[in-house]
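Look at the two complexes coming up: chain A is in both, with chain B in one and chain C in the other.
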Partner chain A sequence: MNAIEMKHVTKSYPAFTLSDVSLSLPSGCILGLVGENGAGKSTAIRLLLNGIARDSGEITILGRDNRSKEFVQTKEEIGIVLDEAYYPEVLSAGTVGKMMQHTYKSWQQDTFVKFLDRFSLSDKKQFKEYSRGMKMKLSIAVALSHQPRLLILDEATSGLDPIVRDEILEIFNDFTRQEDHSVLISSHITSDLEKISDYIAFLHQGRLLFCEEKDRLMEEYGILQTTVKSLSEVPPDAIIARREGKYATELLVKRALLSEAFDVERAGIEDIMLFLVKKEEV
Partner chain B sequence: MEIIIRNSSSQPIYEQIYTQIKDLILNGALAEGDALPSIRGLAKDLRISVITTKRAYDELEREGFVNTVAGKGCFIAGANRELIHEENLKKIEAHMQAIRQLAKGCGITNEDLIEMFRILEVEE
Partner chain C sequence: MKGLLIKDICSMMKQTKYFFVLAVVMAFMQNDFLFSYIIVYAASLPITALAYDERAKWGRMEETLPLTRAQIIGSKYMMGYITVAVSLAIVFCGRLYGAMAYARPIRMENMFSIVITACIALAVQAVNLPLMFWIGVERGRLLLILIIVSAAFAIVSLWEDLEIHQASLHFPLVLAAAAGITAVLNILSFQISKRMYHCE
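== the complex of A and B ==
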């Protein structure tokens, strides 16, 4: 079963269009959504939650159409973390917990308390005194404390230091130890997504360039450094994109089409992203 | 059981897992009937993709190294002697080729090599 399914979803604004996006997140997996600022990541996430209405297409989450009446019940099973946490400034973590008890039917106070403890968040301190990292941790604690089956995270790790980010990624990693738990995480920190994702979806200027298994991407693509002279030896159909430098040319290549003789380096998600975006601009 | 994943390696991750588990079976560290960790458990502990881990397990099963019992997990298959023998032969061949290349490079003849081998045997 797919935890998330988007089929040909389109949403138009006067200055921006998210066009014909189709992607799916198989249950039990982590899908990383990458793309530059303004690529449409947040729009896609808001469409998923039906926070904004789509113009056309279909969206099914945990087996339910997100426009159906019953979607309210499905929302109980979705843990959401947006890039900014919005809680009233004077509330403390303790009172946020009490508030959530009345918001979610499946709220588990003891889980929440455990997370506060794990994140070293005092339940007395007021929200306005929180650092960005603490705000994020509080949102994540809330998202995980009502027995969700799906986590949707919009830039949940941006603006945090590497240690906190790693700590948070580990929690998402642990969360998916259960087969029916899935995660959608958007970020422009590609290294984070490279660490934990099973699938990578790449949005660019409102269009989906690809949605593929991460390790397959890594196996399929590689970077090859060549000189102008030896460029002619590279089979043309193996070259996907190129970046000309003053002294050498860097190529994004399909590994499978090149012999062992070529010294192909590993291409990270970031390399693939940069090359493909450059190619689009040409 | 020890498995080391190198992200910088040009060998695909599923292949790294496949080879290392296969080696553990061939050198006897994993014996017939031993349970392998669950796919999901191993993936999460190694912090790698579940799909990739499944690919490695599928490959091991296809090659006859493990059996999957529905609902129970993956187990090391009964020693396929011929298979292991074949694997070891391949390894020996590879080593011999390396020796020959080295010897060629410094002018040592095949006879010298055989002589060296005899001396080794005697010393043992």
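== the complex of A and C ==
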């Protein structure tokens, strides 16, 4: 079963359109949603939760249409961390816990308290006194304290220092050790996604450029450094995009279409992204 | 809904605490205007809660929670009913104290004016909340002021008229009519608010 399924989803605003997005997240996997600022990642996530109404298409979360009346029950099984923790600033972790206890049927106060301890968060301190890292940790503690099967994380690691980010990514990795647990994580920090994702979806200017298995992407694409002179030796079919440098030309190539004579380097998610964006711009 | 009420109460704890302390003091001052003020102010507390929500962009968080639109909207209405009920209780206690301490008789028209004020406050809330859900608190507040001023004019004119005919006024009937109109207004308002809420 797919934890998330989006089929031909479109949402238009006067200045932006998320158009014809189709992607799926198989149960038990981590899908990294990558894209530049304003690419439509947060819009896609709000559409998934039916926080905004789609113009067309279909969205199913944990097997349920997100427009159905029963979707409110499905939300019990979704842990969500947004780019900011939007709690009123005078609340403390303690009152957030009390509030969530009366919001989620499956709320586990002891799990929440354990997370607060693990993250060294005081339950008395007011939210406005928290650092960004502490705010995100509180959101993560809330997201993980009601037995979710699906985690949706919208830029949950952006603005955090590498140590906190690593700690948080480790928690997400732990979460997927259970077979039916899935994670959708949106970020523009590609190194985070490369570390933990099974699938990568790339949104650019409201369009989905690809949604593929990460390992397949790594196998499929490579970077070839070449000179203008030797460029003609590269089969044209293998070239996906090119980047001109002062002394050399960098090519994003399909490894399978090149012989072993070519010295093809590994392409990271960021490389693939940049090449594809440049190609789009051309 | 209980979770949202806890959030609202905790968010406004400081302000609400001062208001209710002040309300108790005012209630014992035996002034009809202050009695009305306490009730009308209590009915405006849900708007303050909405302002806090807007400031924290709570709406983004709210749409991720397992709550129906009716529960989200309903929590603000419920808050208004609770605060008005508490303020009514304070005002009645104040009246009772006046009756005992100063031997001021509790007259039917005094009770009548308190309950009518509560109905008006809740009717204003019924008009106000859909506006707030629709255009936000800042712009909604301006409209609220307009509504309150117009309502005050209407009430003063009506009141003068009523006082002329007070002897012939059938209090239980007027109270029942006021309660009925307030209930209908609130039901309609709730349905409109549900449509207005986050219609992106």
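Note that in this section the second predicted complex is superposed on the first by the 282 of 282 C-alpha atoms of A that agree within 3 Å, B and C clash if a C-alpha of one lies under 4 Å from a C-alpha of the other, contacts with A are read in each partner's own complex, and residues count from 1 in each chain.
We adopt the following convention: a residue touches a chain if its C-beta (ideal position, glycine included) is under 8 Å from a C-beta of that chain, and two chains touch if they have at least 3 such contacts.
On a predicted model such as this, the values are computed, not experimentally measured, just so you know.
Aligning the shared chain A places chain B and chain C next to each other free of steric conflict. Within the superposed three-chain model, A:55 lies out of touch with both chain B and chain C [touch as defined at top]. In the superposed model, A:176 lies in contact with chain B only, and not with chain C.
Legend: residue contacts after superposition of the two complexes on their common chain; A:28 is shown touching chain B, with no touch to chain C. Counting the residues of chain A that each partner touches, chain B and chain C differ, and the larger count belongs to C. Touch criterion met: A:104 reaches chain C, while chain B stays clear of it. In the superposed model, A:214 lies in contact with chain B only, and not with chain C.
Rounded in steps of 10, the angle chain B-chain A-chain C defined by Cα centres in the superposition reads 150°. When the two structures are aligned on the shared chain, A:129 is found in touch with neither chain B nor chain C.
When both complexes are overlaid on chain A, the residue A:195 reaches chain B alone and has no touch with chain C. Following the chain A superposition, chain B and chain C show a smallest Cα-Cα distance of 28 angstrom. No residue of chain A is contacted both by chain B in one complex and by chain C in the other. Residue ranges of chain A in contact with chain C, taken from their complex: 46, 49-53, 72-73, 75-76, 78, 80, 82, 84-91, 95, 98-105.
For chain C in complex with chain A, the touching residues are 2-4, 6-7, 10-11, 13-14, 52-53, 55-61, 63-68, 198, 200. On the side of chain A, the complex with chain B involves touching residues 28-29, 173-174, 176-177, 179, 195-198, 213-215, 218-219, 264, 266. Those residues of chain B whose C-beta lies close enough to touch chain A in the complex are 7-8, 10, 12-14, 40-41, 44, 47-52.
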